[in-house]
């Protein structure tokens, strides 16, 4: 595809040689001749000199002398469209492997893919167009909404309900018992898990079933890898959690919350709609709607940064004896 | 079951309409008409107004005007008994799936369940009444005590010994090599893992085998999801670890220790019996028996809280130039 | 084997009874009569009195009255040789299980072991002497270098390339989608993962594929259990990461970096060659080559320790009103 054709197709400003033949999109460092690479982080401009990319997708403020550019007002959004030009979505898989073991009472929709060594239990319901890859185990009475894609070696315990169009990455566990004991005795975990539509759940993440009632993951929620959502927690629509976060039991997380990696949120706490939680924060106290927090324990992010700067000045050698 | 019958069965004080027909137990927010919900956290009293529960299990200090109540001196313990009234334990599964691959030298007890795609290696010993769910892999020479329940897609490496009545949640790995290198060369990890009786291990948790000798998990220990117990660590009886904690190699953890989520404990450290470790603590120094610690590095919990409060006051805007 | 024979074989100084018959090597606490145990940590000398070991491998500065000793200038390195005397490497497994499902287009090398319920996809390439244990899923177009050992229930997504002589522990996921969204829309993750030779990857660790280009793990890198390497990150040769660390997307980690457990490294950051990062550090700012850092956010490790000591003095009770 010629660079000018891409520019036209995506509605972007073209700088340089429109006749250039573009063969793919890659990163600045990995691009080969003929490929186009995105460049919208100032810090990465130093990599342009050594990049073999033949053209660059840039933001409105970037001008690179002598380079072929596609200039976008919103390069992050246009990158998605650019990638899709060269990587049309993989066709959904279809068919049921002969080695899969599906209980006769399970209801399997149309156009479904069920891979090798998949086990599907009694009364499970698998919607139309669902993919379940090799080695995944679906316990009894699980419901999976249409077009949901479940990668390999996932485990979904009994009674869990998953919405439509979800993506569940390898090694995820949903619906396992929460950590509940009273004086050393196990509190039976008899609740369930409800996962909304368009939820994405990262590899090896664990979502506990509620002790009573439901653990609820709202529509459009995105959860990174190796996260832990404990029993009875509720997460509002569209909230996003980077990798390796842990949320304690019965926490109430609002809508549109953005949460950096390695954050811990104490059980039974509330985090308001639209809150932003910096990476590694210890959320030991409630977070108000729209609040921006960091630190351990959590406080206003700016206050935390200022406090740490002062603390580290205390740590300077010359000040050790003051 | 009538509310008065439940009260009688559990020995609880009844307030309100004893003739009420109760159909189940659920959470405050998820309960439907006819269900009873627990309410023993002050913070949750505000949810009573919108709850559709027909009755509430409360502590001795809670009085809700016009509501049907079961009043308990120990509502957390009585909740377990209440749940068990409505949810008698699932009958243990029995039978061996035709797709399981069991080495002929393995010794399999009576009344065992072995699910689809389970692999059991040479000389493994599986006790009476054990459940091993679909997709789990038991390497050679593993011993599993009677009545232990192992969920799906668990991996137990060679030589590991698991006690009786344990619960091992999906995705757990036990007996993998520890992280041991000397000048870039791998230190052979030739030790094993001994897990006591009545141990519960959360989903996707990893317990390394010792380099030499044994990693030991004491009887009655409870470990949450996504935890890491490194090689050669020893944990005393009845200690409890919430989710996503990591314990370095050859640490010595006492009996009855309680450890919050996301705690890290440095290798080769000692934590005394009955110590309490707050969530997110960095245990870089030994913890004395009965000590209550928090912070990074660990210190007395109260001291840490006081220090952080002072630090954050320093971070207030007006004080930036003091 | 007699103690004097071991001393001669390893070139170590012998103290005590060379005629002693040694039957194995174990830890101080688990050794039985006839076994030899290593002792090169001062803190463990107190365990010698109760140890049943018949001999000890010690460093040059340790003298234990009346004990049989092998004295080494480098006891950690000699321990490896001692272990190997008693535990010759397990012979590599060979053979292909009848339950494995291997796509006819996959190319399988010589002397390969493929365990039960292994799935290998279209056009995958498995090198000579590779072991793939039960329950592992290899997606299409994956390449695995010779002598690499992959334990059970691993998932390797399409297009990933793994080098020679690697060890991949149970439950690892490689090549899953990274966490990339723009205004709630998923950024297609169309890059790959390149893993060098002699890399070891701990149980349940997750390595994302790049959005574009490659996530790169250099030769000789060692990664602990439950780690997260996000999309597009590059790690230089020989770097080592203890358990439960997380590295954000597109980070650039140098060669020979040493990183303690539970460290988080922000996306897009650079960490220079030979840097040392203490356990639990929040790396929110770049780390220079050779720098030694700790704290949250990261700073010079000594400065951090000094600052925390001062802070905790502030937290002492008597100083609360100053």
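Just so it is clear, A, B and C label the chains in written order, and each chain counts residues from 1 on its own.
As a convention for this text, a residue touches a chain if its C-beta (ideal position, glycine included) is under 8 Å from a C-beta of that chain, and two chains touch if they have at least 3 such contacts.
Predicted model, so just to flag it, every value in this text is computed and none were measured.
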Just say which it is for the chain contacts: an open line, a closed ring, a star, complete, or other.
-> complete
Would you mind working out whether subunit B and subunit C touch using mostly the same residue numbers, over half shared, or mostly different ones?
-> different
Cα centroid separation between subunit A and subunit C, in whole Å?
-> 26
Roughly how many whole angstrom separate the Cα centroids of subunit B and subunit C?
-> 26
Among the residues of subunit B, which ones contact at least 2 other chains?
-> 99, 117, 135, 153, 171, 204, 226, 244, 262, 296, 308, 311
Considering the complex alone, what residue numbers of subunit C touch subunit B?
-> 25-31, 37-38, 41, 43, 76-77, 79-80, 83-84, 86-87, 89, 97, 99, 115-117, 133-135, 151-153, 167, 169-171, 200, 202-204, 220, 222, 224-226, 238, 240, 242-244, 261-262, 279-280, 296, 308, 311-312, 314-317, 320
Going by the contact rule at the top, pick out the subunit A residues touching subunit B in the complex.
-> 99, 101, 117, 119, 135, 137, 139, 153, 155, 157, 171, 173, 176-177, 179, 181-188, 190-191, 204, 206, 208, 210-214, 226, 228, 230, 232, 234, 244, 246, 248, 262, 264, 266, 268, 282, 284, 295-297, 299, 303-308, 310-311
